[in-house]
Amino acid sequence: MLNNITQSRKCKSPPARHTFGADKNLTQMSSLQNEFNAYRQQMNEVILSKDNLVIKRLWNLDTNTYAEGALSTRTKEMLGLVASMVLRCDDCIKYHLGKCREQGLSTEEMYEIFAVANIVGGTIVIPHTRRAAEYWEELTAGH
Amino acid sequence: MLNNITQSRKCKSPPARHTFGADKNLTQMSSLQNEFNAYRQQMNEVILSKDNLVIKRLWNLDTNTYAEGALSTRTKEMLGLVASMVLRCDDCIKYHLGKCREQGLSTEEMYEIFAVANIVGGTIVIPHTRRAAEYWEELTAGH
Amino acid sequence: MLNNITQSRKCKSPPARHTFGADKNLTQMSSLQNEFNAYRQQMNEVILSKDNLVIKRLWNLDTNTYAEGALSTRTKEMLGLVASMVLRCDDCIKYHLGKCREQGLSTEEMYEIFAVANIVGGTIVIPHTRRAAEYWEELTAGH
Amino acid sequence: MLNNITQSRKCKSPPARHTFGADKNLTQMSSLQNEFNAYRQQMNEVILSKDNLVIKRLWNLDTNTYAEGALSTRTKEMLGLVASMVLRCDDCIKYHLGKCREQGLSTEEMYEIFAVANIVGGTIVIPHTRRAAEYWEELTAGH
Amino acid sequence: MLNNITQSRKCKSPPARHTFGADKNLTQMSSLQNEFNAYRQQMNEVILSKDNLVIKRLWNLDTNTYAEGALSTRTKEMLGLVASMVLRCDDCIKYHLGKCREQGLSTEEMYEIFAVANIVGGTIVIPHTRRAAEYWEELTAGH
Amino acid sequence: MLNNITQSRKCKSPPARHTFGADKNLTQMSSLQNEFNAYRQQMNEVILSKDNLVIKRLWNLDTNTYAEGALSTRTKEMLGLVASMVLRCDDCIKYHLGKCREQGLSTEEMYEIFAVANIVGGTIVIPHTRRAAEYWEELTAGH
């Protein structure tokens, strides 16, 4: 089962992509999201199955970090996104892009976050901005 | 003149600190702020006097980045701060702490930003959080 | 259209690779270059279409940075490359490798840049050096 | 020949993966390892063929670094792994995972290293931990 | 009170240093340690007084991370040190140097950790190695 | 002896600074240089006295890296400088600024290197650029 996921993460069979991607309506999630979420869930299960207490608690804490508080979840997800961008972690970026979409951020707002990340982090953030923009296109497609 | 600044940045004469610091009321700015702002202004003048066009334009752009837009300046300064924290740049942190103070952030809000930075960036952010907390104490002293 | 690019970036269909790659003469550009340039151009168009002023100006500034000045474009492209290597940004590395090739750098010169990057940045730069070497082989193939 | 490796690294043909992967017993090495080792060896040969003395010596030194000394190779490989994790270099992580496996580390020990890396480096290390966990599953499959 | 600490951290009065430092026997702790520990403790108190739950839990978790487990505390402290070195966090390095000293590491072992950090992280780790070596000299003085 | 150096690094006694700094002619080296070079030499001696072979060889290799080759020492020192700037290592920056000065770089050329570093590495490089500019002022004072 692990191998199937691994394979799909690295080399989605082109026909499958066409099926879920450009050639038909996206009813729920597009391909980059499916791929990211499936691999993420699969590996999280593997990791948590090992019962390392520190990792489990850190992951719980990660969830708490973005809960409503003095700052809103919406604001905190933006903070998580910009932090992920300047640290140039593509998967972290994808995760927070999804969360920001759930929080209703507009494309104009999103690009102002991209701008802060590019100015603070420099032009080395540009390739990550390209992949973020691609993922955001998928998240907002048809809306 | 440059040397005076340099010296004060590195080794504030203890009596001077006492004068502006613990031993009397802080009427305007406390010592860490004075020191940071004085060195920053002095060296910015040196750098800009060399007329490098790219640096000048980047610095202008940096100002534009935090202007009101789809996102508020308040939100953008928080983004700038968390980005500076995970990249562990103490002077950048101080700069954005000052801006966040101007935007009226509360201590409770500030510590939620610290929390995001510590979770995303890990325990290596803790020493920078200590220095940020110290600077924030000064910024909020007497308020 | 975006999906086609995405797909080609992640999983070039093997037959297509053979067509442009090992099995026939490379008349203009080889496969890694085609892939990199196509994705880069496609996503740049998406990003610039959003009209974020800060991002547009930063990108213009990026171009100016490498213009002839007190230092030559050739020297500046080497600087951009070594900076990209120690920051370990594969796409940035590819971009500057292409530019260095246009500036006529020899393979011997290129490997001296690789050496500086590996010494300054440590052995964590080695995997990026492998991908840089692979891309450089393509850029210099048949020359 | 270079192109074959490149191709296999990026887009292993799915049938081949099935052959070595989920559908039959793994007798020696599984697919991620094969892929990583093949590309690594191929590109190392390309790089070393250029005879850059600094790179050659650095690579020799890299080998010496992990030799038995006051600290055991086992301990040093753990050090190399955690350093690679917090610096978020997936290929370096794979390399040291292989070495740690050779040194007989248990899965429980491995996850305690993952825990240190996640706490020190923060949640941005999580995506790299996922890929490390996946590779470790392969390394320990059938054992 | 905060100001006193701050001051002592930045600019120890030279007479005081002589008193605790070179001119008399070190009975307990030398000056760099005193300074580091005092500032650390003072600021930790400030931070924890704000009752941010995420930060409190992360700090607790940090302590658990280095507890005896499948790997010994001794090994984990070495892991924490090398991670801090390649991430180039001087205060984190000092903290783990102290812990490694408590675990009885010899100078020869310590320098093998330094060697791994310098090889993996490159020559940019050298200045941090200098400060680590200085702190280690203090920790091991008279032993 | 170690303590004397340590003390001078952290808190140069103000009178001493005045003696070598603003109040008299600089005949050879100014104060930041003196301080940097003294601490660097002192700690290098401590480190090398421990006879760790890997560290010794890495340091030798570091010297070889910048030797004349297909690229000139002048070019390589510029590469070392820009790499140090984007990695934000102040002491590494100082070292390469000194070397670049020896190679006869002009202030205009230097600021073009600063510009590349700021564009590639982003505004978080600005505080390091301030310290670099300050050190460069000293290196070029009176010339």
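Every chain is named by a letter (A, B, C, D, E and F) in the order it is written, and numbering of its residues begins at 1.
Convention: a residue touches a chain if its C-beta (ideal position, glycine included) is under 8 Å from a C-beta of that chain, and two chains touch if they have at least 3 such contacts.
Since we're looking at a predicted model, the values are computed, not measured.
*Asks:* Indicate the lowest number of steps between chain C and chain F, counting one step per move to a touching chain.
*Replies:* The fewest touching-chain steps linking chain C to chain F number 1.
*Asks:* Could you classify the chain A-chain F contact as same or different, where same means more than half of all interface residue numbers appear on both copies?
*Replies:* Same; most numbers are used by both chain A and chain F.
*Asks:* What's the distance between the Cα centroids of chain D and chain F, rounded to whole Å?
*Replies:* Centre separation, chain D to chain F: 36 Å.
*Asks:* Distance from the CA centroid of chain B to that of chain E, rounded to the nearest Å?
*Replies:* 25
*Asks:* So, what's the distance in Å between the C-alpha centres of chain D and chain B?
*Replies:* 41
*Asks:* Quick one: which residues in chain D touch 2 or more of the other chains?
*Replies:* Answer for chain D, listing residues that touch two or more other chains: 10-11, 54, 58, 61-62, 65, 83-84, 86-87, 92, 108, 112, 115, 118-121, 123-124.
*Asks:* In their complex, what parts of chain F are in touch with chain D?
*Replies:* Spelled out, the residues of chain F in touch with chain D are 53-54, 57-58, 61, 64-65.
*Asks:* Under the stated contact criterion, what part of chain D meets chain E in this complex?
*Replies:* 61-62, 65-66, 69-71, 75-76, 78-80, 82-87, 92, 106, 108-109, 112-113, 115-117, 119-121
*Asks:* In the complex formed with chain D, which residues of chain B make contact?
*Replies:* Touching chain D from chain B are residues 86, 118-125.
*Asks:* In the complex formed with chain D, which residues of chain C make contact?
*Replies:* 10-14, 17, 21-22, 31-32, 88, 107-108, 111-112, 114-115, 118-119, 123-124, 126-127, 129-131, 133-134, 137
*Asks:* Can you check the complex and tell me which residues of chain E touch chain B?
*Replies:* Listed in rising order, the residues are 1-4, 6-7, 10-11, 13, 39-40, 43-44, 46-47, 50, 52, 54-55, 58-59, 62, 83-84, 87, 89-92.
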